[in-house]
Amino acid sequence: MGLVLWIAPVIAVILSRIVNNTKQLHIISVCASFIMLLAAGFVTNSVVSYGTLTYKFFVSAFYIDAVSIIVLDITITIGFLVSIYSIGYLDEELKHKKTTSKKIKFYYSMMYVFIFSMVLALTVNNIGIMWVAIEATTLATAFLVGFNNDEHALEAAWKYVIICSVGIAMALVGIIFLHLASIDVVSNENALQWDLLYNNAKDLNSSVLRLSFIFILIGFGTKAGLAPMHTWLPDAHSQAPSPISALLSGVLLNGAMYAALRILAIVNRNLDDSGFTGKLMIAFGLLSISAAAVFIITQKDYKRLLAYSSIEHMGIIAVAFGLFTPLSVFAGFFHMINHSFTKSMLFLASGNILQKYNTRKISKIRGLLKILPVSGTAFLIGLLAVSGTPPFSIFASEVNVFLSIFSAEHYILGAVFVLLLAFIFAGIAFTLFRVFYGEPQESQYIRRGETNKPGTAVLIVLMLIIAGTGLYMPGLLKDLITSAQMIIIGG
Amino acid sequence: MENYYDLLSVLILLSSFVLVANKKTNAYIKTFRIQSAFIALTAGIMGWSSAVNEGKYDILIVCAIIVALKVIYIPHLLNKTYGNIEYRIEKDFFLNIPILIIICCGLVVFSYFSVSNIGTLTGFHINHQVVNSFSVVLIGFFFMISRKKAIGQIIGYLVIENGIFVTAMFSTHGMPFIVDIGIFIDMITAVMIMGIMVTRINVKFESINIDKLSKLKG
Amino acid sequence: MSWLTPDYLMNWSIIAYLAAAIAAVIFYGRPHLCTLLAQSGCIIASVLGAASAFSMLLTGREKLIISQLETSIPFISIDLTLDALSAFFILILSILVCCVSIYSFGYIKHYHGKRNVSAFHILYIGFILSMFFVFSAGNAVFFFISWEIMTVISYFLVVFESEQDGNEKAGLIYIVMTHIGAAFLMIAFMIMFVFTRSFDIFGSSDAIPDFAKNLMFIFFLIGFGVKAGVVPVHIWLPYAHPAAPSNVSALMSGIMIKTAIYGLIRFVLCYLNIQDTWWGILILCIGILSAVLGVAYALMEHDIKRLLAFHSVENIGIILIGLGISFVAFAQNNGFLGSLALAASLLHTFNHTLFKGGLFLGAGSIQYAAHTRDIEKLGGLIKKMPVTAVLVLCFSLAISAIVPFNGFVSEWLTYQSLFTVIVPGQTGINIISILSIAALAMSGALAAACFVKLFGISFLGKARSEYALSANEVPASMNVGMGILAAFCLTIGIFPMFFLKLIDKVVFNISGIIVTGELQGGFLMAWYPVSVSGNSITPSAIFIASAIILICAAAVIRLIGGKASNRKYGTWDCGFGELTPRMQYTATGFTKPLRIVLRILYRPGRALKTEEGDSSYFPVSQKYSVWTEPVFEKYVYGPVLTNVKKFSLRVKLSVQTGSTHAYLVYIFITVLALMLYNRLT
Amino acid sequence: MINITYLIVQIIVVIAIAPLVNGIIKKIKALSQKRKGAPILQLYYDLYKLLKKDTVVSDTTSWIFKAAPYIVFTSSLVAAMLVPVTTMLDPIWLAGDLILMVYLLALGRFFMMLAGLDAASTFGGMGASREAMISSLIEPSILVSLITVGLTAGSTSSYQIMEYMKYVDTPLIRPVYFMAFIALFIVTIAETARIPVDDPSTHLELTMVHEAMLLEYSGRGLALMELGASIKQLTFITLLANIFIPHDQLILISGVGAVVLSVLIYVIKIVFISILIAVAEVSTVKLRLFSIPNIAALAFILSFIGFMQYFVLGR
């Protein structure tokens, strides 16, 4: 059954190369993602019952434990929601002649290449392959970022490819050093297998490992959008079609963070102390949050603003993982989940807004709640949620992050952290709250009403999720996160 | 054997200096080709010894791939891309070449300073080679920064990739085979994608000067 | 009588609120029914809530757990726990909600057919419930959650009429400031958790070291101060309160800002157990500043609701003066004085809820009838809306602390606490206390001036515009709602003892000292012995004496003067002929002397625009305008905001330059820097 | 029961003496101007005349206008009841609280200002506006000086303070009382609409404050207003007289005789202070309206320094 996870996207890619009819493409995509959703449910279930799953396959083993299953479930759920949303989105684009059915074909195939590589990255045991898969996600999304094929999109895509490739190349350097550190411990056939490295972490060469971690952090940090390597992120997120932005923000960033986390676990186990890694992670995290805080307050483009908010949240997650206490790692995972759902909802809503108003400029959007009742509400709720307002889910995880910071006796850090988040809220409120009220300009000829029906349904589902998980955590999820935290912390 | 490796690592490093010193785009491609050839040679020697000593052929296969890809295909691809793009004379670098070279020397010193302490790994006298090859990574990176044109950036990226590969070679006799293959696939895809983009950029912006791509700010 | 227990009633009260909200959702399409059901639901719920709180206070139980639900998210649980303090605040809340809901029957009518009434009711009920939870939260995280929900919902209510000028900005300032304030609360709660490993509000703070306690105090002060609207973080208040619909403003000003007072008492006094005198002194200073500046700025406002909002700042200042003395006294282990001052400030909290709620409702009535909030456009309303006029007059007298009303009683108690705190020898506290007395006196007099302006200009004289001419008496339900509040004001003013007894239960619960034991003398009398002899007031006696004197005076006059005839005639016009409404004193004119005297606070300006005619002696038109500057916004917040924006822009453009090379340089430098760091450590 | 008797005595004394003070002051002013002046009892005649007269009421006014005289009168009288003319009279039933007294007077002032605005006349508004300013500025000095004195006595009750002052040796040469006395004297002048703050005898719009608010009144309304004002004036004078110049310790007999004697001495003191006020009025000129803050500040500073002397410096 687990195999379906890898086969379904491949089939989807192949089919979408063959089929020409847009409607059939939609069906294929939804079916594929639905099947993956079922498979993910199945795999989750088996992980919960049996612990780690390993599939010997080809040369490398697939290795699924609670850590991967969390990120995997996020990926697949959001993938499913995005695929539903895309139906309405692409139809609308098609209606306004902004795209062609040929490009839709391309869109779907690239999207499933992306999902495939994402799934691959999350399920392989071999860190080298993981790197390959993550680099593949960059390449798969490169053209999706440039999907609109105008100057801006092209510029964003170019920066995306160059910066992410270079960044991720640094991660490769790190992986080589990791290999070097383990050369005496792990035989060449099993080189870079995560479980072996992890189990034998104590015997690795510490000084090489430290160097390795630096490169890993910079490399995957680039991909995860940590400042100062975040620079590609606002461009790519703002220029990509909104469903793709949702995937980038809700899925891709997690993937990079996941890879960094895996290696973080090894390094910390080796060094027997999270001081070295913690300092770096926290520094990057805090820098990201501050960068987001500074950049958000004068932001003029709402999708860029959301992108900066993603940087902020990746910063929060980095801080949480950097602290590396059981509490903080738990909070980090929890925050990762919440951020993914909230941010994808925001990007999906922003897609509807973009289609309706045809502009990314905040100043040209007024009367959102009237024009787009559901998307507007989703956007508003999303903004409140994303800035940590209770009772939405991000608040719940932020409280846990705060607590873990304070519990680790980083008082000043904690205070700065809380205030920065409040400052970001202020920035978002200052720049973005005005769009909900008033009336759009006469010259924009905007008609009331939602156009993207499936998208609207998705938004409602997401709203329910983020509101629901704010005050309730399913027991299954809690178990999963706890076991993931146990895996990372060890013990 | 180590002597050959030492020599090759220095040659590879040297080729990257030559790259930085070059002014013209076709010269970049040529230098890259030479550098790749050196790398293929290194891989060949290594592969040969491992085939003889351990009966493993994967490094030899990698060597073959390098020859096919980096020495033949990618330079060809780049030449083609370059040929498609109308030639314009534009200053390609931000700083003048002597300064660039001095900075690159600094980078080598820096990488010696920061990598040489990574501790003695028993059984490997690799530090110097690693320092050299790691310097190639940094120089490649720096090359990307110093060149304005898109092609320069692609080449810089490839040099980083070369540097990484050599580092891997010298430090651990290469990555696991499957990883290497994956990396090659990624690399070739990346280069192709970049190539396509360069063409598009040339159409849209009527230049491949990356500095013109600065509409997305803030 | 199990159904009379507080928890049982409390649960039903919550259920009634929820039912009202559900009814509001179900009857989405039928606004009249929706209003009827939702507001009646609120009335029932608030009566239940009041009953519950009342019985809680009477039973004198220390602590009562209503419900505790784990959410399975670590550290987040729904925890409703009552003690006397919460019960007291819930009592205030319920009384106000009951009156406001009665009022809303009529008031909401002008929304029917124009707006989404259902959404309004849901927000309204959500707002009430969130305050309910704030008062009854048993752990700090749940408190924070309720607190933030309260903020957010009230934000939506503030922007409910977002199409009107300035409401958006009002909402924005409001939510930004309160959210930043809440961040400080969050930090304080985190410190609390770190040392005690618990979020239990009722727990002990012994494990917290002194420096952390001091920090927590500062953070609580900032966090709650923003919500309470104390100077200098008051600026959101005069924007947000006018922007909200009037029944909501009544709730916001009447009770929402009191959540901050609740928070200060709950966390600083009950939880942290005051440990330093400077805490109290700091609060005292803030109180003085707020009391004087609040009323001073109120004086210059001509928008009724803005004026009232500034008065909220003033009254919070007065409450804080009481609270400050109480903190000082507790820090000096003077339990009795602490309790007295606490009782004073709690009573003032209650009183302010009553009269400020009533005043905002009155402002709503004026707006409902005359469609404007600008005092300058009103006039003569006393003849059009006689009942409203009487009620607003009552509230005006109450807020100016004039005698037979409740405002005086609590101010008197505050004076008495200040009086008692002054002991020869302790320099700092004495000086601050005497300044507090001066501030209280001045703010009382300025408030009186302000409400003379409010009432005199808008209700008396002649109508100044069409708006005022076309006004009519508002629906009876609105007056009933206000009437109940006015009745409370008068009752507390005349028979304060009964309410003091209630407050005493709260104070006893906190300090273990009964104040009314000392304040004895039957239900009519408040007698309080100080060192030498008793200071006391007997409002009821005064009331009776006044009544007797009034009757006697009338009788004597009748006796001497006989039956006199009244002749109606025009107002004295110096022989110029008919007086027009434009010749009346305006609100601007009325406050001019004070504007000039206190110009340092207002930085007033004026301009005369003349349109020249044929000769300079015959100008076509002249336009004279005066204005006052919003000093805090202009000289504090404005520059800060501009600089933040400037900084952001500068950093943004110099970091995110759009150049790929720059971006690569960042990564490159990061690589080098980290390698260096690794090498050097 | 005996308390009520005392109160009735107090009320009668107050009502009887209040207009006299006006008469004395006017007489002294007239004498200083080499005029004969009106008889000392002129205000009594005026009040009687006014009570007999019909009233003219503006047609723009409301019930506030009609009610105001009664409220002003009542509040002044009740306030006066809180300040015993002699400690032989114990107003314990009303407790004699000074803070209460100040706020009772505020009630009267509130309605007087409203009445000024009610007739839609410019004069009324002007008077109310100026009154609002003066009262806001004077109020802190009143309370600070009264409370300072109260603090030395340990009570805010006028009766208790007077009781305490009996045993203070020559209070007026002590810094705290001297300062408080001067402050209260200034306050009295300001509160009772006298030169230099206000001119009671003018009807010129530039200078009117108190009179401007009463401009529309006639007949019994005016009578009540005037009487109320003079009672208020007497209340302040009583405070000055009985607190700072205590006399009851001199009276050694008890019973009705003591009360009568005490009231007689009281009247003498009132006359003395009236003369003081008259002298002050004669020797100064009416200030500009915007110089009044200076006087208010002076009063406040005096009371504050008095407070400092005793409670901070400990003298």
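A few notes on this one:
For reference, chains read A, B, C and D in written order, and residue numbers begin at 1 within each chain.
Assume a residue touches a chain if its C-beta (ideal position, glycine included) is under 8 Å from a C-beta of that chain, and two chains touch if they have at least 3 such contacts.
Note that the structure is a prediction, hence the values are computed from the model and not measured.
Chain centres were defined as the mean of their Cα atoms; on that basis the chain farthest from subunit B turns out to be D. When the C-beta pairs in contact are tallied for C-D and for A-B, the bigger tally goes to C-D. Ranked by how close its C-alpha mean sits to the mean of all protein C-alpha atoms, the top chain is C. Between the Cα centres of subunit A and subunit D there is a gap of 78 Å.
The distance from the centre of subunit C to the centre of subunit D, with each centre set as the mean of the Cα atoms, comes to 35 Å. Note on chain placement: the centre of subunit B and the centre of subunit D lie 99 Å apart, centres being C-alpha means.
The geometric centre of subunit A is 30 Å away from that of subunit B, both derived from CA atoms. Among the residues of subunit C, those in touch with two or more other chains are 649, 652, 656, 660, 664, 667, 671, 675, 678. Residues of subunit B found to touch two or more other chains are 115, 117, 141, 144, 153, 210, 213-216, 218. Contact between chains, per the stated criterion, is found for A-B, A-C, B-C, C-D. Listing the residues of subunit A that touch subunit B in their complex gives 58-60, 126, 128-129, 131-133, 135-136, 138-139, 142-143, 146, 149-152, 154-159, 161-162, 165-166, 169, 172-173, 175-177, 179-180, 183-184, 188-189, 191-192, 205-208, 211, 234-235, 238-239, 295, 298-300, 304. Within the complex formed with subunit C, the subunit A residues making contact are 158-159, 162-163, 166-167, 170, 210-211, 214-215, 217-218, 222, 228-229, 231-232, 234, 276, 280, 291, 294-295, 297-298, 327, 330, 334, 384, 387, 389-391, 395-396, 399-400, 402-403, 405-407, 409, 411, 414-415, 418-419, 421-423, 425-426, 429-430, 433-434, 436-439, 471-475, 478. Residue ranges on subunit C touching subunit B, taken from their complex, read 649, 652-653, 656-661, 664-665, 667-668, 671-672, 675-676, 678-679.
Residues of subunit C that touch subunit D in their complex: 379-380, 382-383, 389, 393, 397, 400-404, 408, 411-412, 415-416, 419, 422-425, 427, 430-431, 434, 437-442, 444-446, 448-449, 451-453, 455-457, 459-462, 527, 530-538, 541-542, 545-546, 549-550, 553-554, 557, 560-562, 564-573, 579, 581, 583-585, 589-594, 596-597. Subunit B makes touch with subunit C in their complex at residues 94, 110-111, 113-115, 117, 138, 141-142, 144-145, 148, 153, 210-211, 213-218.
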